[in-house]
Each structure stands twice: as structure tokens, then as C-alpha cells.
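In what comes next, subunit A is part of two complexes: it sits with subunit B in the first one and with subunit C in the second one.
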Partner chain A sequence: MSRARTVTMALALGGLLLAALLLLAGGAPGRDATGAAILLHIRLPRVLLAALVGAMLGLSGTLLQTVLRNPLATPDVVGFGGGAAAAVAASIAVTGGLGLVLPAALAGGLASAALILGLAARGGLPPQALVMIGVAVNLTLLALTDVLLSLAPGLQAGETARFLTGSFASAHWGAVAMAALVVMAGGALAGGLSFGLARMDMGDDMARAQGLAPGGLRLGAAGLAAMLVSFAVALTGPLPFVALLAGPLARALLRQGGPVLPQAALLGALLALAADLAARATVFGGSLPAGLYTALVGGPAMLVLILTTRERG
Partner chain B sequence: MALILSDLRLDLSGRAILDGIALDIAPGRVTALIGPNGSGKSTTLRAMAGLVSPDSGGVSLNGTPLPQMSRREIARALAFLPQSPILPEGITVRGLVERGRTPHLGSFRPMTATDRAVVDRALDRTGLTALAARRAATLSGGQRQRAFIAMTLAQDTPVLLLDEPTTFLDLPYQIEVLRLVRALNQDSGQTVVMVLHDINLACRFADRVVGIRAGQVLFDGTPEEVVTGTSLEALYGCPLTVIPLPDGRGPMVLPE
Partner chain C sequence: MIRTGLPLVALLCLGLVSLLVGAGGVLPPGALATLGQVDPADSQTILLTQMRLPRTLAALLAGGALGAAGAVIQSLTRNPLAEPGLLGVNAGAALGIIGTLWLGGAVSGLGLIAPAAAGAAVVSGLILALGLRLDTGIGLILGGAALAGMATAVLRGMILLDPFAFDAWRGWIVGSVAAVDAPTLAAGALLVLPGAALAAAAAQKLDAMAMGDEAARALGTSILLARALSLGAGALLSAGAVILAGPLVFVGLIAPQLARGRGEARTGLLTFRAALLGAALVLAADVGGRVAIPGLSIPIGLSAALIGGPLVIWQMTRRLQA
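== the complex of A and B ==
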């Protein structure tokens, strides 16, 4: 118990520290009206959006990892995020702008999730089948996205490519409010599932023999994960690896299994904030988007995670 | 608790797995299901636990067909331990035994003092109190199986279903586990049904032995009544010698 509390407190403090650093990044704002406006309308919403979207991704990742009993099975890997991204690319191609990003991401994410869950439905959504079908659908969606990018005229292709590398730079209060609602609703729904989710790790037979409904839990958790990742893509574009790393890192810090929802959400927020802090750095006279940093750091971090958990046996 | 299986039939891809299984499980007794690989004995046990839905026929518990009960109601009446249960990562012995309380808990119904007392008692009855804080992964094979049985005890059900509880265990551990099951049955009158591979152990530790072949019940009775050279040859399709033990505690089976 006390370990969980210590870890949670440390993560929350770390998040606050990063948020403070981000508010000050680029120099302390002036004490005049302009400084106040920069702080209130640019920096604060950006920090909050990063934390909230990170929490969404952390939650969605740990939900799917727990329910599929597979640390690699996250919404970006099994095609939920890919569906959202492909639909956004399509909406930019059709409308020529970012106007329909939100409905496109939601519709795309949910449609690909429905397709994958439908294809894997036989026999109560067996986890292996769901992961493999999801990976296949994801690769197809990535290819489709590439087709859209290649066909798009130069300017539009640039806009699509920029969107497909997640960034918090265009944050505004409307997005923050929506993200806060999504995190609250998603967190509450995930909390409702957590009793059953925490007891899925002895296999489906054991879960059913103990009075749970593993198929229903999987459907609920997968649907919720798809919702969360679609909103995240809609709000900021894809941020690779945040959903994948948050859960395993939380479990390693807590030295326990299970969904570890609050800690995974906090770690997701922490990772997103750290990526955005890196995104403020000047590289070759410009700056790189947060999604690029999570992608750059994510792969090696995942390797370290796999190697260290393997050593521990 | 009356557990009745009536004319269970189940076809899987054209093959009859269960071909009219009818059984009346003796309450308060230990029943062993024996038979060759693929005979349908494990499927019969899983049907009893409500994990397999037969094409026709059904299982009833005190007169209520299982499909009319919720999963949770079934889990409060029947505890089931699969053949190779998965050990959750990093779980302690106590944590594992607490899992048995699942059908009695929920999102808004956390563990209470009563639940903890049931868990304590399950640990005590399986001799695991001193090991409660240990990580279950560090236990010996026999201790680990005892911990899983303690988990089913914490489920606090009148019926216990065990699918080959002695697989992968050395002989002393097999005996340890079966002695424990027998003692639990004698202390509390819990009805036990288990699938066993070893006929000698089945005869020694069960009140009733049920022979299943090709999805049908071939024989059903006390070991002395039903375990004979003829019945076993019919069950396994190879000649076997059955010798009555001098202490009168069941027959012993040897290859011809």
C-alpha cells in the first residue's frame, strides 16, 4: 500500500515540476498584459493539454495491455490509433483542411476498433487473435495513410504529415476542456472495469470460474481504449509509445501487475510533458514536435524495458 | 448440493466429445473421473463448472439448470481449478488465496473482515499460514498446488472441481495434494469431483470412480465394485491386471 502511495505521489510531483518548467520554458513571461496573455492563452493550455492527452494515452494503453495480457498490445499497435490517423489523413485530403479532424479521428478510431473486434469476436474475443488481427489491420491502415500522403499535393501533404506527428503547439482552451471531460469520463469508466480487469491475469477459464465475464470485460476495455486513443489523436495527433510505455513503467515502479490505472495515467501525462519540454529545445535553429521525441525515445525505452523485465525473470 | 448431469452431448467439428454423459454426483463425496486422453473427462468437468455449453442435455445444481444461473451465482456454488492454472505475476500466496473471494466481492464491495477471516482459514487448512507473505512463484510444486487449492477454498463453495490436480507433480507432491483434498472433504463435507490420470491414486483417494470413454460413462461406482481387469481393458483398450490390496483399501492396477 505505502509503495503505491509513494510512487503515486512521486509521479504527481514529477508532473507538477515538469509543468512548472514548461510554463517557464522560453523565458519568464513579462509582468505586463502581453506576458499574462502568453501565460494564460498559450503556455497554460499547452501544458494542460499535454498532461491530459498523456493521461488518456496512458489509460488506453494499460487497459488494452491488461485485458489482452500482452505488454505490446496497445491501441497504436493493434490499429485503433491507426484508424484514427488514417481517417484524419483522409479528411484532410477531402476537405483540404483541418476542419473535420475531430469527427474523422473519432469515426476512424471507432470504426477500425469495431472492425478488429468484429473480426476477432469468435470465441469470446481471444486475446491472441485480437492482437494479430489488430496488427494486420494497423499495417493496412498505415499503408493507406501513406497512399493518401503520396497522392496529396505538396502543401496539403505537409499539413497531413505535420498532423501525423503529434504536437501540443496548437493547444487552446476548448481542446483542454474537451480533454478534461474525456479523461474524467474515461477514468470513471475504467475505474468501473478495474475490479474485473485486475482479475483477468489467471486466464479466461479461471476468470469465468470466479464469476467474471472475460469476453464482456475485453469488449468494454477495448472499446474504451479505442475511444481514448481516438480523442487523443483528434486533439494532438498521434504520440507514439506513450500508451505502450506508461503501463509497463507503472507496473515496474509499483512492482505489481494489474491495470494500475491511476499510475499509468500519471506516467502517460509525465511522458507527454517531458516530450513537450524536449519539443521546446532549439534544434538546428528550429524545434521538433513532441510526437517525434516520444517516437525517438520510445523505441530504445521499450528495449530497456523488455531486457530488464527479462533479466528479472 | 445435488449436481446432476443429464444426457450431455457436445460435437466439436463433427466429432462427438460428449456422447450422452449422465451422472449423479454424490454429495459430500470424492468422485474421480478417469479415462484415456481425449475421452471427454475434462470436458465433462468443465461442463459441470459451466465453462462448456453442451449442444443438448445439461447440468443442474440443486434442481436449477446452470444456464439459468448468473456466472457469479455459479461461482459461489462451484469452485473450479483448471489443469495448469496461471500464476499472476509477482503475486503473494495470500494475494492468490484472496482471489478466491472474487465472486463475493465487486467494484463497490471491497474485502471485509469476514473475507479476510475466510482467507486466513483457507491458508490455515492448507498449512500455508507461515508462507502467506511469500511470492507464490518461489513455492515448490506441491506448495504451489496447495496455494491454488487454498484459493478455491476461499471461494467457499459446496462443490470443488479439480482438473488433474496432480499433473506435473512428483509422487510425494501428488500424495500431498490428494491427502489435502481428502482431508478437506472429510472436515467440511465438501463435494469433490476431480479428473485423475493415475488409477491407483484415484482408487486410493476417491469414494467413487467414473470411467469415461469416447464421451460416454462406461462405469460408475466404488473402486472395489467397478475397477476390474475387464472394465479397465474396456476403458483403455489394453490388457491390465487388477490386484486387490491386502489392506482392503482399493484395488491396484498393473500392466499385464
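== the complex of A and C ==
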């Protein structure tokens, strides 16, 4: 128990340290009204949004990884995030602006999750079926997104391409408020599921023997994961690999299995903050969005995870 | 027999239609006699030999290459979801092309062949290195997804920083054989033909591996050699297809599954059938895109994604029910 407490405290402290660094990045703001406005309306919402969206992704990833019993089965790989991204690309291509991003991302993410869960639902939602069908659906959605990017007129396509690489640069207080609500509601729901989830780890039969319904639990957790990742895509665009890394890192730090929800959420926030710190750097005369850095770090980390993972769903 | 004969007949019919029908009007079958003659004064021969013939050949070569590559990679990984595009080879080729455009400015068709092939080769090498340390096919697929994710991230960075690279990428990603010229065709063939030879060599090794790696070792087959041959064939074939037609998804997934059907066959025959079916699919998508809406040419990438995606999902659900 003390190890869990130490890890949690260390993660929280690390997050606060990173947040402080981010508030000061780009020079300390002046003591006048301009400096205060920069701090209050630009830097603070950006830091808070990064932490909250990172927490959403961490929660969403570890929920799906736990119920599918595969550390590589995350909302990105299984097509939940792909559905949200494809729907946003379509909404930008049709309306020419970012007005419908939130409803489109929610509708797309939930629709793709419903499609995948519906197709895989036979026989109590076996994890392997969900992964296989999810990968196929994800592939289709990625191809459609690329086609949309190619066929849309230049301006819309540029807008879509920028959106599809996640970034916290356009954060504002409205988005922060919504993210906070989502994290609180999602965290509460996930906490409610966590008792069952921890017992799912031992296999469907063990779970049934303890009076749990594995199919229903899996459906609930997958639906919640889809909801969280859709909100994350709507608020900042896709941040690849954050959902993948948070859960396994938290388990490695804690040296225990199970859903490890609070620590995974903290680690997701930490990863997103670190990516945003990297995004402040000047590269080739411009700055690159945070989603790019999470992909650059997350890809190799996923390869390491594949090589070290022995258990299969 | 019928699984080989039927695609062959379909391929011949589609080839004829592709030569005779298009946005430039329908030609009489007698026009085929003028094939190969170059008469600058006659618009019909120009249409036939300089526009429709290269386009048809490119579609045939690209489709055949994708079908064969998919068959070899699926046999290697024993995974019906595997295809070069899924293992990140297409993303590697795209990164090679866009990286060259980004660093070197405007480079025309032929200059992009080396970078595309290099990008595909680097990803294939990484996948091979990964595959040597893994026993299971699903790890290979997920490793491909990780590599593709990284390559796509770098590519996105380049196209965000450079509007010209973004436009080039947009023109390329959708997949089309509309503007293929003779040098591109030659370069594609230079990659596809050695790839086909490698695939034929790999097919024999893969038959020995069909019973599992242990059985293959007992039969004296080198697993390392079989993997290297298969991935080399996959890399050459998919790089050739990428140069000819852009990144076409799903053809490499569907063609081998259709070729396999219910019965089992030797990998060599399976690869040949998959190549025929792949060529027929791409040619059908191209001809369909030309004639579906008069005056508008739908790129094959779009028709491939629209038709192929649902087909793949349907195949997956059917397989899981069985």
C-alpha cells in the first residue's frame, strides 16, 4: 500500500513541476496587465487542458487494456479514436470550419465503438474478436480520412491536417471546463467499475464464479473508453500512444496488475504535459504540435512493449 | 482450376474494356490493331497507346503486385489481417517520397522511385528484425502499426511545415494510375518483377512452414531465410505498387482471402491466384471509376477504400463466427 501511495505522490509532484515549467516557458510574464492576461487566458488554460485530456486518455486506455486483457488493445489501435477523427475530418470538409467538431467527434467515436462492439458481440464479447474487428474498422476509417484530406479543397484540408495532429495551442476556459466535467464523470464511472475490473483480470470464469457478468462489464468499460477518447479527440485532436502507454507504465511502477485507474490518469496527464513542453521548442523555423511528439516517443515504446509482452488475450 | 481460370478470363475482359472505354470516348474493337503504332496525326492511336495502354498496364502490375505481396505476407504471419500496408511499408514509402520533396524541392516522377523503395526497404528491415524476435503473428501486426504510426507522425510534421509537400502528399495519397508515363511504368516493373521472383522462391519455403516453425526446422528449412525472402518480396512488390498507383489499401488484404476461399492450396498457386485477383480488382476499380459518373474520374484509392473496407470487416466477422 505504501508503494502505491509513494508512486501516486511522485507522479502528482512530477505533474505539478511540469505544469510550473510550462507556465514559465517562453519567458516569465511581466507584472503588468498584459502579463497577467497571458498567464490567465493563454498559458493556464493550455496547461490545464493538457493535463485533463491526458488524464482522459490514460483512463480510457487502461480501461480497455484491462477488459481486453491485452496491453496493446487501446482505443487508438481498436478504432474508437479513428472513428472520432474521421467524423471530424468529414465535418470540416462539409462545413468548412471547426464549428461542428464536438458533436462530430462524439458521434463518430460512439458510432464506431457501437459498430465494433456490435460486430464482436456474439458469445459475450470475446477479447480477441474485439481486437481483430477493431483493427479492420480502424484501417477502413484511416483510409477514408486520407481520402477526405485529399479530396477536400485546400483550405479545409489544411485545417483538417492541423486538427488531426493533436495540439493544446488553441485551449480556452470553455474547453477546460468541459474537460474537467468529463474527467470527473468518467473517473467516477470508471471507479464504479473498478471493483469488477480488478477481478476480470483473473479470467472470465473466475469473474463469473464471483457473481460478476464479464460481458456486461466489458461492454460498459469499452463504452466508457470510447466516450472518453471521443471527448479527448474533440477537445484537442488525436494524441497517439498516450492511451497506450499510461496503463502499462503505471503497472510497471506499481508492480501490480489490474486497472490502476488513478495512477494511469496521472501518467496520462504527465505524458501530455511533457509532449506540450516539447511542442514549445522551435523546429525548422516553426513549432510542431504535441501529438507529433507523443507519436515519436510512443512508437518505439510500443515496440518495446510488444517485445516484452508475453501474455496474450 | 476454376479459381485460376475465372480471374484470368475476367482479367482479359477488363483489360479490353480498359483499353476501349474511357473519358475520351468508346473506341471500336478494330482500333486494337493499331496498338503499338505511333501516328502523331491520329488522335485515336495517341489515346490508345499513350494514355490507356500505360494506365492499363500500371493497374495490372500494381494490382498483381499487391495481391502477391499480401498472399506471401499472410502466409508468413499466418494472419488473415496482414498485408504490406498494415506492416507500415506503405507509410515508409510515403515518408521517403515526401521527405525527398521536402528536402529537395520539386522532384519529378522518376526521381521519387529510389526514396519510395528506400522507405519501404527500411520499414521492411525493421519489421524483419522485429519478426526475428517474435513467434506470434499478432505481435508483428502491432509492430507494423507502431512503425506506421511513427512514419505517419514524421510525415504529418513535414506537411504541416511545408504547404508544397502537403499538396504533393494530397495528390499522391488518394491513389491513381491516371498520369502514369513510360519511365514510371518501367521503374515499377523493375521493382515488381524481381519481387515476383522472390515471392516464388519464398512460396516454397512457406509451404514447409505451414505446419509451424518446429516442423519447418525438422524439415531442414531455414526460418530466417524464409522470413527474409518473404519480407523482401513484400517490400519490392509493395514499393513497386506504390510507385505505380500510390498507396492502395485493402487490395493486398482481400485478394489473398478471395484466392484462398474454403480450400487449402500450396502457397505458390495461392500467390499466383492472388496476383490475378489483385490485378482484376485494381483494373475493375479503375475502369469503374472512369465510367461510373460521366465526366468525372473517381481515383482508385477512393473506390478501393469504399469497397474494400466493408469487405474486409465482413470477412473478419465471418471468420470469427466459424
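As a working rule, the second predicted complex is superposed on the first by the 303 of 313 C-alpha atoms of A that agree within 3 Å, B and C clash if a C-alpha of one lies under 4 Å from a C-alpha of the other, contacts with A are read in each partner's own complex, and residues count from 1 in each chain.
By definition in this document, contacts are C-beta pairs under 8 Å (C-beta built on N, C-alpha and C of every residue); 3 or more make two chains touch, one makes a residue touch a chain.
Source: prediction; values computed, not measured.
By the touch criterion defined above, A:Asp32 reaches neither subunit B nor subunit C. A simple residue count on subunit A separates subunit B from subunit C, and the partner touching more is C.
By the document's definition of touching, of the two partners only subunit C reaches A:Ile306; subunit B does not.
In the superposition on chain A, A:Ala295 makes contact with subunit C only, while subunit B stays out of contact range.
Judged by the touch definition given at the top, the superposed model places A:Gln256 against subunit B, while subunit C stays out of reach.
In the superposition on chain A, A:Asp201 contacts subunit B only, with no contact to subunit C. Touching of subunit A by both subunit B and subunit C, each in its own complex, is seen for no residue at all. Across the complex, subunit B is touched by residues 191-192, 194-195, 199, 201-203, 205-206, 208-213, 255-257 of subunit A. Against subunit C, the residues of subunit A that register as touching in their complex are 72, 77, 119-120, 122, 129, 132-133, 135-137, 139-140, 143-144, 146-147, 149-151, 154, 157-158, 161-162, 164-165, 240-241, 283-286, 288-289, 291-292, 295-296, 298-300, 302-303, 306-307, 309, 312. If you check the complex, the residues on subunit B that touch subunit A are 46, 49-51, 70-76, 78-82, 85-91, 99-100, 102-103, 105-107, 155. Contact residues on subunit C toward subunit A in their complex (touch as defined above): 81, 86, 130, 133-134, 136, 138-139, 141-143, 145-147, 149-150, 152-154, 156-157, 159-161, 163, 166-167, 170-171, 173-174, 249-250, 299, 301-302, 304-306, 308-310, 312-313, 316-317, 320-321.
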